[in-house]
Structure formats: C-alpha cells, structure tokens
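Here come two complexes built around chain A, the first alongside chain B, the second alongside chain C.
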Partner chain A sequence: MMDFFRRRKNKYISLVLLLCLIILLLAGCWDRTEVNDLAIILATGVDISKNKEIELSVQVFIPKPAEGGQQGGVSSGSTSSQTLVRSAEGVTIADAMSRLQEKLTRRIFWGQNEVLIIGEKLAKKGIGDQIDFWMGHTDPRERADVFVSMDSAKEVLESMPELERDAAKQLSKLVDSQIGVKVTVKDLSEMLTGDSSAAVIPWVAKMSPSNLEVNEGKNIPFIKGSAVLKGDKMVGRLSDKESRGILWPRNEMKSGIITISLKDEKGFVSLNLLRSHNQLIPKISNGNWSIMVKTDTDLEVIQNTTNLNLLNLKSSKKVKRMVVQEIEERERLTLSKARKKMNADIFGFAGAFHRDYPGTWKRKKNEWSEIFRKVDVTFDTKVNIRRTGLSNEKAKKGGGE
Partner chain B sequence: MIEKGKISSFQMALIMYAVVVATAILYIPFITAQQAKRDLWLSPLWAALSGFLIVLIITKLYKLYPKKTLVEYSELILGRTFGKIIGFIFLFFLLYDTAIAFREYGEFVESAFLHKTPIVVVTGGIALTCAFAVHGGIEVLGRSATVFLPIVLVLYVMIYLFLIPDLNVKNIFPIMEDGWIPSVKGSLAPHAWLSQFSLLSFLLPLLSDETKAMKWSILSVIVSVLTMVYINLGNIFLFGGIITNTQFPVFQAARYISIGSFFEHVESIVIAVWVLGGFVQLSAFFYMLVLGTSQWLKLPSYKPIILPFGFLIILFSIWSASSFQEMIHSMGTTTPFYFISIQLLIPMLLLCVAVFRKKLRQAK
Partner chain C sequence: MNYFKHKKNKGYRFPSQQITETLSKLPNIPINLDLNQNIELLKSAYTDCSDVVFREFTIGARTKAALIYIDGLSNTQEIDQQVLMPLVQLESFDPGTSIENVSKKLAVSDVLVIHTITDVIKQISIGNPVILINNKIKGISIGLPKWEKRGIEDPVAESVIRGPREGFVETLRVNTSLLRRKIRHPALKMKQMTIGKFTETQVIIAYIDGIASNTLIKEVTNRLERIEIDGILESGYIEEMIEDDPFSPFPQVLSTERPDVAASSLLEGRVVILIDGTPFTLIAPCTFASLLQAPEDYYNRFLISTFIRWLRYLFFFIALLAPSAYVAILTYHQEMVPASLLLTIAQSREQIPFPALIEAFIMEITFEALREAGIRLPKQVGAAVSIVGALVIGQAATTAGLVSSAMVMVVAITGVASFLLPRYAAGIAIRMLRFPIMILSGILGLLGVMLGIIAIVVHLCTIRSFGVPYLNSMAPLKIHNLKDVLIRAPWWAMNTLPESSSTELGNLHRQPHDQKPDPSKGGD
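== the complex of A and B ==
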C-alpha cells in the first residue's frame, strides 16, 4: 500500500517537472515572422543598369485593408495602387538583394513571387547566372513565369494594368491563357541546359491604356510574340504569328483560332482548335539528317462566311486541305526564321535526335549548330473537323452549292 | 528476453520500409543522378539485389538461431571474444548509421525551413520524441508505423500525381545511353540504403507470426525499391536534364505543385507528413541501437540507456560530417562501402561460420 502511494507521489512530481519544461517552449517564438514583418514580393525584374551592374527591381505588395464604407461605389482602385516598386543595384543578384533590403523596412519574402521579368539588354548579355540564382536559392519558387521585356523590367513593374490588380497578375494571367508560350524558371533552366540549349520566352511589350485622360503615361504590359535565346543570350525575336508556329512542333498548342480563305470561294472559315498532338520523328540515313513534324489536330468550325456547306464531305475536304496548308505554312515560317536568322534550335530537334539516335548524337553533338541548318524538315499534318457548329443555314440569301 | 512486446510481420515490414525509404527519397535521387544521369530510375533496381541477399542471409541465420538477434548469435557462432568484437563493430556501425539518419533529417529540415535554427535543436527535438517512443517499446513502434506510414505512402504517390500536367515522359529517353555502367555506379547509394535490411535481425525475434516473416520482409524490400523507382521516375519526368543539380528534388517537386492556382505552396504539408515517416525511421534506428547494446552488455532492461544513447546519437550526428556538402559527398563515395561492408559482410561471415560449424557437428 505504501509502495503504491509512493509511486503515485513520484508520478505527481515528475508531472509537475514536465509541466515546468513546457515553459521552455514559450521561447519558441523568438524568430517568428509575422505578415507585417514581411515585404511580400509579387514580381521581380532584373535589368542591367547604366553602371553595368545588375539592377534588381521588386514589386512589393502593400497589405492594406479593403477600403470600407465604399461598397457599391465606383471603383477607385485604379488610382490607389496596392503595390510599390523598389530597385537596387549590385554586382550580382544576391548583392543587389542585400542593397534592396536596406531600402525596405520589412524582410524580403520571395515565397509569393510569381513573375520574373528580364530586361532586353540583360537578356542579350546572358541570363545564365540569374537563372542559376533562381534555381539555387531556397526562397524563390521554380514555378515563377519568366518574361523578357522590351523596356526595362522596372518600367514594366511600374505599369498599371486596367483589369488586373498589378503588372504581376496581368502577365501571369496572360500566359495562363495558353495562347502563347509559357515558360517557368524550371523550364527555362531545363531548356538552356538541354541538348539544343535554346529557349523561347514570352516577350513583353506595352499597350497604351483605353482611358487616356485618367491613365496618361501609364502603359499596360502585354505579350507580343517571344524572345529567342541561344546559349543563355537573346539572339532574336519572333512575332506573334511566328510564336504560334513554334507551339505546334513543341506540342504546346492548346488553344487558338485558325482562319483560312479558300481559293475559289469568297469569305473565310474560322476554326477553333480543340486538341492537338504533335510528334517529332527524326531519321538519320546515309548521313542525311531529316525530321518529320507530325501533327494530329481536332478542330471545330465556329464561323463560316463562305457559301460552302461544310456538311458536304467534298467541301469539308477542301477546308481541311487549306487548314493543313495554313498550319504547315506557319510552322515553316517560324522554322526558316529560327534557322536562317538565329540558328537556334527552339523546336527541340536536338533532343529528338538524341533520344532516337544516341550513338550518332554523341559523335556529332559538337557539330549540331551546323547540322541544324541542314536538317531536312518535312511535315505530316492530319486535320479532323469534328463539328461544324449548330447551324448550317446562312442568314443571308443566295449561294448554296 | 529484454523486450516483452510482440509485433506482427506486417508491422515489421512497415518499420523496415520506414527505415529505408524515409531518408532515401530525399537524398537518393540527387546522389544517384550524379553518376546515372537520366538512368537514375534503374539504379534502385540494381540495389534490390543487396536487399534480397541480406534478407535471405538474415532469415537463414535466424532459422539457425531462433529467438536471437545478431548481437546475441555472433557470440554463439564465433565464441565469446570474437563474438563480442563483431557485436561491438556492428553496434558501433549502427550508432553511426543512426546518427547519420538523424543528421540527414536535421539537414533537410534546416535547408528547407529552419535556416537559422541550430541543427542540435532540430535533431535534439526529434531525438527526445523518439526517446519516448523507444521507451514505450516495440509495440508502440509497430503501432505508430501502422498509423503513420499509410499516410506517408499516399503522400509520396500524390506528389507526382498532382504534377502530371508538368511531367514529360520523353525525358527518360534514351535509356542506357552509355550502357548499364552509369546506372550501376549510381546504385551505390541505394545499395547502402537497402543494406540496412540487416537490421531485420533485431526485429525477427519479436514477431508473433514468424512463419510470415520471410514473405513480408521480401515484400518490404520490393515496395522500398518500387518507391525509389517511382520517386526517381517522377523526378526525371519533371526535372529532365537539371536533375543533376537539384539537391532535394522531392521537396522542389512539392513546391512545383500548382493546380488551378489555388492548390499550390503545399510543401509545408509535404514536410509535415514526411516528418511522420522520419519519426518512425529514427525511432526504429534508436530502438535497435539501445536493444542491441543492452543485449551486448547483458543488461536486464534497455530503458536506462535510452537517454544517454540519445545524447550520444546527437553528438555523433554532429561529428559525422562537418557540413552538408561533406555529408552528400561521403554518401556518394565512402559511406556506401562502409555500409555494405558492415551490413553485408558481417552477416555473410556469420552465416558461413554457422553453416560450417553445423556441418562439423553433424559429421561428428
């Protein structure tokens, strides 16, 4: 009986001691980070400054409570900005970052950074080190979208989009619509270290705002084509149309509308892309390198201003043939530009050859940029027109087959 | 017997799975990729040989000396002096192995989240928690394995399922570009990890259903290997050529998850769940170490030495490598040989001598 009580007492004492230990945990908050200690960065721009140094600009989110008492009022959001832009120079990004920190009262927080803009001047000098920093540093995310901008990256960050909250949102939403190329830091790093060591990055240009009186001088960034990188240097630019030509061979075509005209018919047919699958089929025989770009795509007709009845198989075939031509023409346009002007293998031909002919590839790897100019490219495009819309009757009179 | 509790073969398989896989998925892709490049997913398959071989040896030894662990039967096989020496070598190795596992855990938590916290706080914290589990005995370990590991396993699978839109299957081609040598070279680290199945020896005497032991241990090896292959495949699909310079591919993959722009930034959840697996792994190591030591010293209970050994483990975890780079470097070069030579050669030696002695006895 005594033993029982003693044991109970011991247990009680050890429990009290254990509770005392919990006090130690109270010190656990010593390096807490509250939201109001952080400068949350939404977008980053990297430029080359006049002193030939790296200029790092960041767009910092200003946490402000939503303005109360204005419910239902006219949106005054466009004038009162939710973000601010700060920049600093340094020899490297990390150096610039530490100088930037001096200008900000709150600790820089990279966790929400979704956009990385690189100024054209810097892109032309080479961005390898910058991308390495982004992949190596633990805080910034590999998923951030990368852009190259016509103006300095800082200008883009300072711009004021009309529909979206800030430039970061504007740009990331534009690439998410998947009409053009979308490149994340990880993708870029992969492309630059890959076999073809060439990359395409969305190109940011500016558009003047709709309401000039209110927003004078404030341009809106939007995506216009893409920049082409070889090695880690920008070597040229593709227009909007050419950029789309590159999506087919890379199997990144997700949406888009193709409008064609027929030779012997007036008017146009517009087709909406439903899905598309592409393949690169490389072949080496007798030292001749050739590649076939195979495209298999489904489309639906959304507008038809010609007099053709597309339910008719014969006219449907005609349209198909034209679509095939149109697609191949786009691909050819991009290809010839990439080959002649930039000599950058942005289609990933190198990877395709490497996968199918590893032995030959190893021997000829160093001559690739020569071979690339000579590769014989053929196209094999298959088009299926799935639907022709809900009505076939034309509103206007006349015509018919 | 020091340990009175019993576990089922299934629980044993789960514990062994945690012992191998918890840290393997973090470090193996990077270390393997250094040699194997895009064939890194083949390397664990080679390493499976080590796993199977060791399971066979250990179960064979156990059949010859039922209800005994490696530390105990080494004395019976080699005689008192040599048996003690072999037991000491193995236990000292186990101490190092345990310490390395704690260090791996600590380094990962440090580089992923707690950059400024001293590593002792991280490893010490988990060591204290593990000490509680070890104090509870093998049944507590078995049960925490059954509760936690299914969650962890589902998580491993989920990471790459969420990434399907970003995976590029073409990245694994061409397979075996430079022949099979690079993937064999890369399998060094997986070999080391799978050789830890020698620790099975400490769990076999605690089984309630010994007949199923063989089946479940082999299954545990297979699932461990498949998990490594799955993780490595997922990483090569996602990262392609840059896999060779991605230190924690699984963590970075988790950071890369983004579905519908609201399901993202989930790495904290991933780590929190991963810690569950790490906890089972570290407790198992810790438990085997104190159990083996008390058997070696012929102590009546292992409980009094838990805390001193916890302290020793933390010390060794700091001594084992001076920096993260050194740890990674040694894992790809020297450590695997140390692991394999102790965990494969010692049981092999014991088995040979045991079989020889048995033959000798029969001849008489």
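== the complex of A and C ==
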C-alpha cells in the first residue's frame, strides 16, 4: 500500500482514499444485528381470521441455552417445546407482519423461514396476492416449502411432532423424501403464472392421535395427498395415490416402490424405481389436440413372492407388461380426476403446447380451459428391469430342501 | 510518504558524522619501523581493554618482537607451540630477513602479511594474533582463531520429519562449511564483506555463478554496501535495511536456519546472505509462493507433498479469514447459515453479553497473547501457561458465559491454521492482517471482508523482492512455473529452474528431460 502511494507521489490521492475510509466508518454497523436480537422464524402460516382479515402466524425458535453447560446439545426428552407460535391479524400480509413485530421483543428474521402453510379457507379464496408478496419481499426464502392445511395453519404450527424438532421440520422433511409433490414458493409462483395457471400443493392433515397412541393434543401433521389450485384458488384435492400419479408426467418421479400382482400367479412382485425420465409430446393435427406422455423407467426387483423365475425372458416380459399397466393406470386415474372434476391442467400440458406450437397457442390461448377437457392423451411407457436379484423360484425351492 | 523521506534525509547525516569522528581516532597509518611506537599506538587504541594481550619477546636473542592478540579469541596453545617456540628458540636471527621469510618458518597454515595498523586491529579483532617485529614495516597475522562454539543442532524453528537434522550455528565459518559440504562445485561463490562500524560483522554473499543472475548479485551487493550502521547483531537488521517495501507486512526476504533450504535456494538461482553471529541466513529474492513451501515438501513423495501443499493453501485462507467470516455472517448474513446450525449457534450465543466482533477480538487477542507467552517463558513454566491457556480458551471461557462455544471452535481452527504456515514470518503477517479484516467485517459484513482481501491482493501485486514480482508465477502468470506452486512436481519433471531467479539467462534447465522411472528403460 505504502509503495503504491509513494509511486504516485500524490498526496491528494492518499488524502481522498483516507477520506473514503472514514466514510466507511461513518456508515458502519447500522444494519448490524446480533443473533441474540433475532426472532428466528422457522415456519409461517397464513389464515383467514373470523374478522375476514389475514391472520399471520409464525413459529419462533426459542434459543434456550444448552442446559448445564456440559453436554447440552441433546435435550433428552424435555417436554418443553423449543418453539413458540405467535399470530397477528392485518388487512394484508404486510400489515399483519408489522403487527406481529409489535408482539415480539426481537427483530423478526425471515431469512430462515423454510415452511409456508396456507389455511384451506384462504386457499379457497385465493392466494395470488399472498404469494406475490412473498416473492417480492426480500427477506423470506423463495425456496420455502408451501403447504395447504386442512385445519387452520396456526393449528398445524402449534402441533408437536415427536421425532422432529417441530412442525416445520416435520413437514419439510416429509416433502424432502420425494414420495409426494414438493412445491416451493418459487415453484408455486411459476405454476400459477405459467400457461396452465394450475398448481398442486401438498395437503397437510392431522394424523389422529388414537391411531398413533399419543397423548391428546399432540396432533402430528402429515401429508395426505395434495390440493389442486386453478388460477389462484383451490378447486379440489387429490388423494395420496392420485398425487403420485402427477409425478410421472411432470418428470418429478425420483423414488418409489411399485408392487404388482400377476393374473395367473399367486403372490406379488415389488420393484424399486431407479430412474425415470418423462416427456410430454404434444401434437396438433386438423384441429385435434393430442398429447403423448412418454415414460422411460429403470426398475429393479426387490421382492418376488411368486413362483416366477424372472431371469426367464418370458416371465420377465409378463412383469414388465404389468408394470406398464400399473403406471399408466395411475396416470390415467389422476388425469381423469383433474380433467373431469377440477378442469385444472396440473400436468403442464399447456406449457408443452406453447413450446411446440407457439403460433397456434397464441390464437387458442383463451380457449385452453375448454380444449384441455378434450385433449387426446395417449401413453407410451417403456420399462426396463435392470436387476432381478436372487429372488427367483430356485432360491425358494432351495430353502425347502 | 514524503514526510518520512524528508525526515530520514535530514536526520541521517548528523549522527553518522558523529560516529565517523570517534572512529577516525583509530590511526590508518602504516606500521612504523620502531616497534615501541607501534605498541604505543596500539595500546592507546586499546586503552582500558583488559582482554588484549601484548606479549613482547625476542627472536634470536637480539631482535625484539611482539605478539598481540585478544584473550579468548585465539588458540593460545597452538600459538605457544607453533609460533612462539620456534621463534624464541631460534639460535640466530639475521635482522635483514624479510618478514615473508619469517612467516615461512611458522608451522601454521593460515598466515597473512599485513601493512597498516588498521589491518593489525582488524586481524586481532577477528581472533588472528599478530606478530610485529622491530625494524620491519610489515606484520604477520596468524590464522589461529578459537572461541567457544555451539555444536550443530536440529534447527528448532524449522523442524522436519524427514530431512537433514543439522542447522546453521552462530559461527560464520561453520555455516559456510555446511553450505560447501552440500554444494561442492567451485561455482559456489562466497563474497565477503564487513558491515557495522563497531561490530564489524562479517557478511557473506553466497550464490552459484552461472545460475544466479548477475543483476541480482549486483543488486544484493549494492544494497548491502549501502548499509551504514553501527552494529549488526542479527540478520533481521540487514533484512530491514535491504527489503523493497519496508511498510509491507509481508516478508520480502526469506530467512532460514536450515543449510538444505539455503542450498536449494542457491540451486534455484537465489542469493544467500550469511551473517556472522546468527544462525538465520537470508535468502533473496522471496516470492509469495515460497512462503508456503516447506522444506519437507521436497523430501516427501510428490503426491503427498502436493496434497499437503493444498492443505496449507486452504488453511492459509482459514488463518486469514475464519474469524472475520464468522463475525460477518453472524452479524449481517444470518440467512447464509444452514438453519439447524444457526439454531445451535443462537442457543450458544444466547447468554453472551458481547457482540460477535468483540467476542472474536477477545478470543483472538487472548490466543495471540498465550502464544507469545509460550515463546518467551522458560520451558518449565511453559507447561503451566499451556494448561491455563487451554482452560482460558476452552472450557472456562464458555462456562463463564463470556464467549460462545462456536467462537472457541473458530479461534481454535484459526490458531491451528496459522501454525500450518511453514515460514514463521509469513505466519505473523497473516495473524496481524487478521485484525483489520475482522474490524472491516464487523463494520461492513462480507463486503468488508472482500474489501480487505482486495486490498491485500492489490498490495501483493505492487510489491517486489529484488526486482521479482512478489506474486511471481501467479501474477504475472507463468504456467510452467506453477509446477512448484500449484503442485509439487515430481523431481523427474522438475526440469527447469523457476523463472524468478534467472530472468536474464532465460529458463535454465536443471536436468535432462525424460527421467521418469520406467521398466522399459531397462536395467532390471
């Protein structure tokens, strides 16, 4: 540095630099916040209150210092919760946010908010404004997972799962397992503003306490299918099985186990999904809109209780045929429900048509809702069984000897 | 900066004149014919010097002579046997015998004929006894110095698992012999000069003729000749007088107490400056990359060396940035921390009364103090300090609620990281730079950290060491030079010398190509 100054031999440059440094000191620290002064939000719920206002509930982390100072990391079976739930009402979310701040001593910190739960009532009324606000606001994460809950969102937040730290963790872990749909705020915003303007969001329901042998009041939130949105309003629900059917055409199927039974054989074959690639191939000819759902999957056999030897080409083909049938059936089930009951294009057919036929799409865009009902959907499913394992007929017989 | 310059120029001449006045009392006159006058002159120069011995004797019963030496610097036993005995026992001595012929009679290997009183003083002071004979205008200096020396030991500051275990010592001759034993070729030159008005310290510039560039040798010689100082007690004096940018925190001259490091630097075309009285020799030029090269890198197999070198690079950044990154992220960018980690940190920080910056400062300063205390204290007390230190930095600070356990972790990693730098001087520079960056991070967050890094990089780009850019082979980028920076190339691929040293001679080849061991080369 010194060398630099000397070489220039210019006092003024060094003077100006010095002044710049002083300016930095003047501006310093104004937005500094210690972790101690933050109310870290783990999850947020949005409901409609009785007064028809927006009710914003947040789950705040209580940074209780580790007990005893020694091995505090794991609080063994402590009954007291590590989080608390606060809520505030307001005309808009922004309004509710500022009201909420009044109720908390620490600055609300949205940066770690990983879960956004929307109450069913609000979802039915329309969530466009809320999502819009969420995307526009700089603090909250766009990658927070979105859920629609059967009960009020606040109730879900207050529930106390046993295995996980809190409801927020419970829900985000459930969707991370990739068995159902996983939708983030960003995804949702994209889906709603996209061509099909329809979306699926995981549906949260309470697991009833009696089933789980837990204490009353300790409801545990679980994912049960998904909610379907059209425009920005919720129009219906899909069951667990139907929700999984969406994953194939949307190319989101990453893991899962398919169990099939054969007509002329006793027992079942379970197959584990290794890879799956899906493609929508749209076609418009003579005004007929059709789309082909192309699926290419790799599976491995993990259990075989039938007497079939899967190393045999013939029986292997039989199983393959059944798997294809199974997959297509699932897709068909979801499709028919989405088309007939809700008329919501949750598969993203609209986008596929837009990409391949931009001209036609521009003209027919406004009629899409009608066209969607009439689109001819065909399935082309290719199944490869990569590994059959040792679970064949011989192994079973060997055990009997 | 003009301010410093002016002050230096004005204040410089004044004390230097004073010193020359004192020294001018020492007569620079030829040796007188009259022995008594010579002795008077010398005795007046050595007034109140109880350690100077004047031994007068006669050669061949008539000719008066005197032996002058400093007690403790010369080998008196040898002088008695090889010099005094033959001369005193001489039956007859022709007064006309030339001094050269007298010296031929002495059974001593190193004998020098001298002409002036100044020479006499010089020879005495380096431990060579001088014989003056009446009616002769020349004297004989006898090379029989002897004083207590430390044995050659394992270098403490630069120890290795694999590699030579010998280190330089305080005696210059021993050090040159250590170098000469590694490089036997006559191309290894050792130019000698004396620096320091009072200490008259002997300094040797060593280089390999034909590898080190002539401009570099000239530049080093010039800078050393420019030094006018009253005394040199350690190589640090010289280092500060010859470095390019005295205000830079980074060392621009390497120092080492390992002969093997000095030898390898010589082979790379660098210049080694050996100084009497210290085991630390200087190596010039020095580049940033060489601060991160340990001697052992070259003795271990190259894959392992490369891995360790990368580990060192990583920890270089940790040593520099870990506390500031922690402070910046925790006070400005909480959203960057993974959620569950933030919750844990929030838990441990809940009862801490200080802001993260202050917390980091407390811990870092404590750590630096402990480190410093550990060096200064005698070994017996050192153990106590480390126990107390471990308590202060570790458990107690956390339990007392002064610092969070996460901070302890950060400080511990930073401490370990700073010890990973093989050059002590570089480690200190990094430790020092850590603090301004911490302040910047406390004021501006990660932006401040980036500003700090940019400032350091700009600074590193501007400085040079003896005409070689400090970041040489990285900036300016020379890809073939990265063989000893990015990786440690195997010896059979280390075919050219680094360009930094041999700029005018081009890229010298140090060995023929294609020496990779291979069964097809036969011999088995």
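In this section, the second predicted complex is superposed on the first by the 343 of 401 C-alpha atoms of A that agree within 3 Å, B and C clash if a C-alpha of one lies under 4 Å from a C-alpha of the other, contacts with A are read in each partner's own complex, and residues count from 1 in each chain.
Methods note: a residue touches a chain if its C-beta (ideal position, glycine included) is under 8 Å from a C-beta of that chain, and two chains touch if they have at least 3 such contacts.
The structure presented is a predicted model; accordingly, all values stated were derived computationally and were not measured.
Visitor: Quick check on the superposed pair: does A:Leu311 touch chain B, chain C, both, or neither? Answer first, second, both or neither.
Guide: Once the two structures are laid over each other on A, A:Leu311 reaches no partner at all.
Visitor: Scan A:Leu42 for contacts with chain B and chain C and give back first, second, both or neither.
Guide: Only chain C; A:Leu42 stays clear of chain B.
Visitor: Applying the document's definition of touch, where does A:Pro358 land relative to chain B and chain C: first, second, both, or neither?
Guide: So A:Pro358 only meets chain B here.
Visitor: Name the chain, either chain B or chain C, that contacts more residues of chain A.
Guide: Touching more of chain A: C.
Visitor: Look at A:Cys20 in the shared chain and tell me whether it touches chain B only, chain C only, both, or neither; answer first, second, both or neither.
Guide: Touch status of A:Cys20: no partner.
Visitor: In the overlay, answer first, second, both or neither for which of chain B and chain C A:Glu190 touches.
Guide: first
Visitor: Touch test for A:Arg141: chain B only (first), chain C only (second), both, or neither?
Guide: A:Arg141 contacts both chain B and chain C.
Visitor: By the touch definition at the top of the document, which applies to A:Gly111: first (chain B), second (chain C), both, or neither?
Guide: Both partners.
Visitor: Quick check on the output: what are the common chain A residues between the chain B footprint and the chain C footprint?
Guide: Residues common to the chain A contacts of chain C and of chain B are 31, 111, 141, listed in rising order.
Visitor: Across the complex, what residues on chain A touch chain C?
Guide: Within the complex, chain A contacts chain C at residues 1-7, 9, 11, 14, 24-25, 28-29, 31-36, 38, 40, 42, 61, 63-66, 69, 72-73, 109, 111-112, 114, 141.
Visitor: Tell me, which parts of chain C touch chain A in their complex?
Guide: 1-2, 244-248, 330-332, 334-335, 337, 339, 342-352, 355-356, 398-399, 442-445, 448, 455, 458-459, 462-463
Visitor: Which residues of chain A touch chain B once you look at their complex with the stated criterion?
Guide: The touching residues are 31, 111, 135, 138, 141-143, 176, 186, 189-190, 193-194, 351, 354-356, 358, 362.
Visitor: Chain A touches which residues of chain B in the complex?
Guide: 111-112, 115-117, 170, 173-174, 177, 238-242, 245-246, 252, 255-256, 258, 261, 264-265
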